[in-house]
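In this document, chain identifiers A, B, C and D correspond to the written order of the chains, with residue numbering beginning at 1 in each.
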Amino acid sequence: MADLVPLTEAIAELVRDGDVVALEGFTHLIPHAAGHEVIRQGRRDLTLVRLTPDLVYDQLIGMGCARKLVFSWGGNPGVGSLHRFRDAVENGWPRPLELEEHSHAGMAAAYAAGAANLPFGVLRGYRGTDLAKRTRVALVACPFTGEEVEAVPAIRPDVGIVHAQQADEAGNVQIWGITGVQKEAVLASARSLVTVEEVVPRLELRPGGTVLPSWAITAVALAPGGAHPSYAHGYYDRDNAFYLAWDAISRDRDRFAEWMERHVLQAGVTVP
Amino acid sequence: MADLVPLTEAIAELVRDGDVVALEGFTHLIPHAAGHEVIRQGRRDLTLVRLTPDLVYDQLIGMGCARKLVFSWGGNPGVGSLHRFRDAVENGWPRPLELEEHSHAGMAAAYAAGAANLPFGVLRGYRGTDLAKRTRVALVACPFTGEEVEAVPAIRPDVGIVHAQQADEAGNVQIWGITGVQKEAVLASARSLVTVEEVVPRLELRPGGTVLPSWAITAVALAPGGAHPSYAHGYYDRDNAFYLAWDAISRDRDRFAEWMERHVLQAGVTVP
Amino acid sequence: MTYTAEEMMAVAAARRLEDGMVCFVGIGLPSRAANLARATHAPGCVLIYESGTIGAKPQHLPLSIGDGELAETADAVVSVPEIFSYWLQAGRIDVGFLGAAQIDRYGNLNSTVIGDYHDPKVRLPGAGGAPEIAMSSRQTFVMLRQSPRTFVERLDFRSTPGHGDGYGFRDRLGLPGAGVTVVVTDLGILEPDPESRELTLTQVHPGVVPDDVRKATGWELRVLGGVPTGKEPTPRELEALRSLKIAA
Amino acid sequence: MTYTAEEMMAVAAARRLEDGMVCFVGIGLPSRAANLARATHAPGCVLIYESGTIGAKPQHLPLSIGDGELAETADAVVSVPEIFSYWLQAGRIDVGFLGAAQIDRYGNLNSTVIGDYHDPKVRLPGAGGAPEIAMSSRQTFVMLRQSPRTFVERLDFRSTPGHGDGYGFRDRLGLPGAGVTVVVTDLGILEPDPESRELTLTQVHPGVVPDDVRKATGWELRVLGGVPTGKEPTPRELEALRSLKIAA
């Protein structure tokens, strides 16, 4: 049974220095509020896992929380670079960032394997790329046909964090719209946190809705607006203007630091 | 784009003697109407694939359409034996039936592998069973940890047939309720047929609904009541009385033959 | 209040379930027992059927594991590939319930054939979900009427692993779950010996003496010294059980 | 009517799409081109975005591949693991659209780094979905502005395979799709030579001469004899294209 706890408490209990942490949400429902709380609590040496690092990891990386990044596409969607990510990789600022780089298909197969308690995922991928030499991918032969296909190691984070639209009072969670790899991220993780837009008495199953039962989640925390500047289908739209604005904010180290100080460190948790 | 065709035509074009055929539907939406049409058209030497053979395969086997069965549980749910299946296995009547026997988990992994165009599926299963010596399962070592897990060969039927509640005029299909392995059965097959309760102008996505786009299906055929005595969620209930009655009907070869003659061979297609 | 042997079995099995346990149940006795637990001391029991229904709360006992009511009352309905991979194989199931045609002294089960596999006397339905349920559930409960024909010295076919040939078998094969921990029969309850893993009579139902159970067992049954007699079904248990009607 | 180079690119790419084609598209030019095709000669084009939206019919061009409108207008929304396994890897995609930072003469793409991988001059976003899109789609269309900096003799990093080192490469590696079949630039269209698979200038846009394209290419560009000039965007195409607004 997932406990309904304040976000501060959830992060304090679930996320530890040195953990492998996955904050997922494929452009939709990116758990920014949870990421900000991780920053406020000053977690260090995290291995961050995520297909698309997006702004939330740009911020965690820029604030020095991460020692390693496992990812497949590290850009500002529709805008350009993630400057804090680039600064860490190109200049080691504020600290060097180790990379384990995959393709989306590889990350997806690795999460699915983790959720299914398998040591590796199987796919046809990485062929004819330099990526294959720079990441963890290997060949496995089909024991029936002899054909060789690719394998990636399962992703099994210490903590998986996603944002959803709703939880009921028992801690059952519903996500709808684009659901990405959120279910896999939660089920693949040893501990899991779901932040939600609202807590409702009873979940109404929606078309395209995915329900995660309370007993498969460690903790649920209320975080209205917790996906901003990403969006929450049925609640608010993607703040495309902020994604554009982030380019300038994040380009300069001082301006970034000042923005984080004002909007994250000083802000504190903005949820009831 | 799936063509909307009469069931007779769909079976005539898609199902050929000697084919590997999967009629799926996990207790829910079992495509009986399609199975009956296969019987009426006198197909022979089929390899029938299905987790739970149920009455539809008891009938196909009893009518001599099958040379091989790939399955995981061959009973009359909540009632007892499938007598035509037993007669074929125990006495070779009306003809011997070759068996490839799996567990549900193994069949599910094999269908998923087929749908994903992988040569094999991976699972943890079959360990410590005599089944492992009697079926197609092998060990694969994780290239990263060395741990051994089980592999099953992908299921790639020549034809996959499922029953769904609705199609729209473009041939897009929606299934809701218990969806079993239907999506995998369709996507794993070289050719596919979906029989539907009704054709609607436009699909309303339902909670728990799965949509298969028209272009991923070969043919759609209208077959109201086509799942009976199984059920169609939102249309009609499972005819539990018929499942009970089938025990006596199928126990005796002559009574079975007479029932099939009257209710299937003579009946013809009962759809508009 | 009088009651049947089947009712005693359902009650005895239900009593072993704790509130909040996640149960992977099949049709028939397991489904009755788990729903009885939900209706009495364990309302928070989570019922999972292999058709993909998670948290089903049927008012009527389903006749098939795919009955519509299971989907309508479930917290979530997932595909069959998902229920076996993300849920069972992932180790999220506390108790897997199984029946069988034959069981041996180590709780291994046969639901495949009586006689030779290639020339069977009786062809049974087969393994279904059982091999992986018995492999990956934290515990496995078996419910089976007891007779020398069902409790046999040697299985005709091992469809599903219990404790194999005894202590250490499951670790050797890498079977993560604890295996069969409870066998509920119409005569009593058997549990594996902590050392040898051999099934041992640890409880008899009211009106049953250990000799009755020995006679109904196809091997030399180990019996716990001073084996206790279980409690009769309470009126509340029987009422709750009888109000669980089979779906029409 | 006047038009921009970007508009010419979108139009030229859209014209290569046939009605009913299933397109795996990314954001930006590919999305514009595919939606233009839907709005003009190919209303039955099926748009798939890697966020899992199948058959999306956006009224506005999405800024991100996960915009809500894609889900609202889609025939189906599936998980990311499913879109890559059951749909792309299964070989259901006719055309995969890709961009990149660098392309070489065999249509191999770099979207990972400029400079050394471990000490990059510029760290780019990375491969994303491209390696498998280029592997499993029946054809791959590349859209890329042409300059000696983007059309290079040697890639700094091969993120995504085109035709590798030429004829036979894809068969040798077991890459099922045909690979890059069309490269649309701001100057013209390049297609692989049937024999060598080397990219060859097969069409120039209006107002462009082959020498312009040679100068904008970092290798000795092969040019089709008497290379034809493509048609200007029609007013209808430009209207349709301009009525596709970016989501606010």
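Heads up, the rule we're going with is that a residue touches a chain if its C-beta (ideal position, glycine included) is under 8 Å from a C-beta of that chain, and two chains touch if they have at least 3 such contacts.
Given the structure is predicted, the values throughout are model-derived calculations rather than measurements.
Chain centre most remote from that of subunit D: C (centre = mean of CA atoms). Centres computed as Cα averages put subunit B at a distance of 40 Å from subunit D.
Averaging C-alpha coordinates per chain places the centre of subunit C 57 Å away from that of subunit D. Chain centres here are Cα averages; for subunit A and subunit D they lie 28 Å apart. Multi-chain contact residues, meaning those touching two or more other chains, occur in subunit C at positions 85, 89. Of all residues in subunit A, those that touch two or more other chains are 117-118, 123-124, 183-184, 208.
Those chain pairs judged to touch are A-B, A-C, A-D, B-C, B-D.
Subunit A makes touch with subunit B in their complex at residues 117-120, 122-124, 136, 138-140, 142-145, 147, 149, 151, 153, 204-209.
Contacts from subunit B toward subunit C in the complex involve residues 26-28, 51-52, 71-75, 77-78, 81-82, 85-86, 89-90, 101-105, 108-109, 111-112, 123-131, 134, 177-181, 183-184, 208, 231, 233, 237-238, 240, 243. Contacts from subunit B toward subunit D in the complex involve residues 1, 115-118, 172, 183-184, 187, 210-213, 215-216. Interface of subunit C with subunit B (complex): residues 27-28, 50-53, 62-68, 70-71, 77, 79-81, 84-85, 88-89, 108, 112, 117, 120-132, 135-136, 157-161, 164, 169-170, 173-176, 247-248. Note for the complex: subunit C touches subunit A at residues 20, 22, 46, 54-55, 75-76, 85-86, 89-92.
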